[in-house]
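Listed after this line are the structures, all set down as structure tokens.
Look at the two complexes coming up: chain A is in both, with chain B in one and chain C in the other.
Then we have the complex of A and B:
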């Protein structure tokens, strides 16, 4: 598959044509929040967006979605099938998060039809990160600013144009239908390699090597007594996290008519594990913080062989009390001998 | 077409049985409205399902009937929260939703050929009642060894499945020990806590499995009794409860370490639990 290019001035035209066939999700600023939204027109897209504040997991796993509607005790309908989708401008970290989410929702035992239908129906066009943020640590958790994992196409910013690389056959098929793409020169492909090397160099983060084994023996470590203390339990970290996927199922309406809805939820909330009897296995912030860290770096690895963190840095950027998961990872590396964080 | 695990089967409440004096435990006998529903819901002892009252919500409940009961599925529900209260308000003939069965259930292949010691307290008897009735079925009885049941409740009025207890008491092929915590007028059965009675019964661990389900305090004091009898941790089965939503290992709230109670459980050996965080 030969590389192509698309001039930035041609993107609007490409999008206009794309929108005729597909639902396009791209970085858009609405009400002051940058997230992946359904594009209403080509002029809405924010091309130079870094990691958006909202993770694109919403494209596949919406904050709130109807599972079915009911009336008089009978299920009336499930949501109709959706148009094919293209996500344009997804960053490599977020693209890797779809692989993490696939393991949960497209499992060997149970498949979640709402998520799986959208995933199968969607192409991912990634924007390489030539200019990673200071909070990015993708390279520390197995990714990279030019990683192609989970992508159908990778676009690299070359100034007035993007270099366009097809990663999958689906990606290749998509661009052959549109006239805006021209052949890339060897020089353009080389320029990408230089940018990639520079960008990768810029990203740093703590090593996660051996973290799963380390955490395995740390459940009862005093480490957790202090770690959670400044946490407010607001769950911003899990709502913004591209891999967090816990949800609640509730009925809205009345017995006569209504809908069953799935909403995002978070292990950082006290009620998350609260039994009807009043018993709660995770009574304080300590247990809840431990659950979040353990789930990402230990339990998920045990179940699926991968860390459930892609290093996007959203939780680092948006935490109201500056909890930094990179510092947590680093502290885990030094902990486990029974010592307290404050003793170090 | 992918099966949608979130869609409940429509079922009718054929019969409601009030189980206790406090009037907060009822058994619901459910029949499928659609042809083939019963077959799709083929279950094992120890599994659970999500009961739906549309417009109110869902809750996970252990299956109380035996897989040998072919014409209905039964659930015994204590009135505790929003959904269980709505269930308690239902009348016979009402229509509700049912999805499942979920969870691993009891390891029947391993239990076959063994002596079975069932230890149950209070309302947590439900899936063990399923197991007891399954073993006692004429088609199955020969495939299991001795069956011992130790079951207790606070008062005689709080014993559930009295109709089963009476029927079992008349049989020769089950050692039944029913106890209540304190003396009560008109009660001429055993008096004492389940762990004490279990100690007196002193079941042999020889080729045996113990299956324990009950309030935490009963479990806490019964496990040492079983250990003293010589039961290995790998031969003691427990069934856990946890707050759940999806029932299929996705919603993320019922885990204990890397295990999901809905999918990897609810049945765990004591040995498995000893290898997991004490977070339940």
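Then we have the complex of A and C:
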């Protein structure tokens, strides 16, 4: 597949045409917050956005989702999405997170029809990160600012234009339909390689080598006694996280009518996995923080062979008490000998 | 290291060495520019981690609800008032806490910096002579520290801790002049529909992460009303009416107790104006009952008591 380019001045025209056929989700600033929103017009898109405040996981896994409604004893299914969708401007870390989510919602054992329907119905156009933030650590967890994992197309900013690479056949098919894309020169493709090398060089992060094996023996380590102390027990980290995927299912309504809803849940909440019997398996912040770290770097790896963190840095930037997951990873590297964090 | 930090560390070391406290709760340097992070120090040799500066924005009093034994705590005006409330509400025994009071010149609001830097990442920052210098990859800009302080701090009347065991530094008094934040004045001037529209827009960004509740020293119910399931008072989905109900009931629950410390708003990842609703309730309580929370150990919170001459004109 040959590379293409699109001039920045042609993007509005491309979007206008794209919006005729597709629902387009792209970085948009609403009420001062940058997020992946349903694009209402081509002028809304923020092209030079760093990572959005919230991850685009909502496009596939909404914060609250009606699974079905019921009335007078009859169950009414939620209809699947009709229009095909495009996520434009997703960063490589967030694109990699869809692979993590796929393992949960579209795995061998279980396929979630709501999620699968949206995933199959959606193309991902990624924007390479030429200018990663200091809080980004994608390269430390197996990704990179120019990673194409999970993408259908990768666009690289070359100043007045984007280099457009088709990663999948679906991606290739999408751009052949639009006249705004021209043939890329070898020079343009080379420029991308230089930018990619520079950007990758810029990203750093803690080593996760051996972390899963290490955590495997740390369940009862005194490490957890202190790690959680400053954590407030909110869900800012998990709700902004592109890979966190825990949910709770509740029925809303009366006996005769209502709906079954799937809501995001967070392991940091006291209510998380609180049993109907009243028993709570995770009674304090210690167990909850351990769950979050273990799930990302141990249990998920054991279950699916991947770390459930893509290094987007959202939790690093937005934690109200600056609990920095990079520092936690480093501390795990030094822990495990039974000593307390404060002893080191 | 500032003179105040030096005294802070010496005091903390002495309290730990003399076994007056088991743990010191304070702030240490964070991992990002202009961020500190709460720390818990039990070893006297670790006290040099303690810092005090304009980025010490969390209200540390919140941690007293989860800490046992005797605690030494660094407390700016807001934190000390929260501790007073916790003692008055019998959540924290007075004898269990040694308050290291710190007069506070105001804390930085990261949202203000974000707005002023317009997406340019700050890689390094320092404060000198009332100015904040921010360095990015290809830029350096100097801002007035006053312009990036939390807007509540600009009108703060309680910069000095009203209660302390040890005062670090000299008292500085409240800020003279205006005592109401411009946002509060503006919202108060609106009619009910306009206010509803404002708060609806603000709360529509809420993702129900409960960072506000968790950061709040006045929110300590063992089970929050919103978490109750038998019965379930509110739905847990993203319906705006449920989200509004959560925030409004939280304002009710903290009526006469909210200090307007702003910890909730600074914790909010979605930059919701969480202070104004609480502040307006706080203003009502002050005007109706002549009461301000967290000022002394003797006054009884007006919503926790009944007097025959309580104003009741608002009961309709």
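Convention: the second predicted complex is superposed on the first by the 342 of 344 C-alpha atoms of A that agree within 3 Å, B and C clash if a C-alpha of one lies under 4 Å from a C-alpha of the other, contacts with A are read in each partner's own complex, and residues count from 1 in each chain.
The rule we apply is simple: a residue touches a chain if its C-beta (ideal position, glycine included) is under 8 Å from a C-beta of that chain, and two chains touch if they have at least 3 such contacts.
Remember, predicted model here, so these are calculated numbers, not experimental data.
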Fit or clash - chain C, chain B, common chain A: fit
Partner chain(s) touched by A:176 [first = chain B, second = chain C, both, neither]: neither
Partner chain in contact with A:75 - chain B first, chain C second, else both or neither: first
First, second, both or neither for A:256, with chain B first and chain C second: first
Partner chain(s) touched by A:334 [first = chain B, second = chain C, both, neither]: neither
Contacts of A:248 with chain B and chain C, given as first, second, both or neither: both
From chain A, separation angle of chain B and chain C (C-alpha centres, steps of 10 degrees): 90
Partner chain in contact with A:190 - chain B first, chain C second, else both or neither: neither
Which superposed partner A:317 touches (first chain B, second chain C, both, neither): second
Partner chain(s) touched by A:236 [first = chain B, second = chain C, both, neither]: second
Which of chain B and chain C A:198 touches, first, second, both or neither: neither
Smallest separation of CA atoms, chain C relative to chain B, angstrom: 5
Overlapping contact positions on chain A, where the chain C interface meets the chain B interface: 248, 250
Complex interface listing, chain C residues touching chain A: 30-32, 35-43, 46, 58, 62-63, 66, 115, 119, 121, 123, 137, 201, 204-205, 207-211, 213-215, 223, 227, 229, 232, 235-239, 266-271
Contact set on chain A toward chain C in their complex: 31-33, 48-50, 53-54, 62-64, 131, 133-135, 226, 229-230, 232-236, 238-240, 248, 250, 252, 261, 263, 266, 269-271, 284-285, 316-318, 320-324, 326-327, 342-343
Complex interface listing, chain A residues touching chain B: 67-68, 70, 73-75, 78, 104-105, 107, 109-113, 116-117, 219, 245-251, 253-258, 260, 262, 265, 267, 272-277, 281-282, 287, 291, 294-295, 298-300, 302-303
In the complex with chain A, residue positions of chain B that touch it: 2-8, 10, 53-59, 80-81, 84, 94-97, 241-243, 245-246, 248-258, 263, 277, 279-280
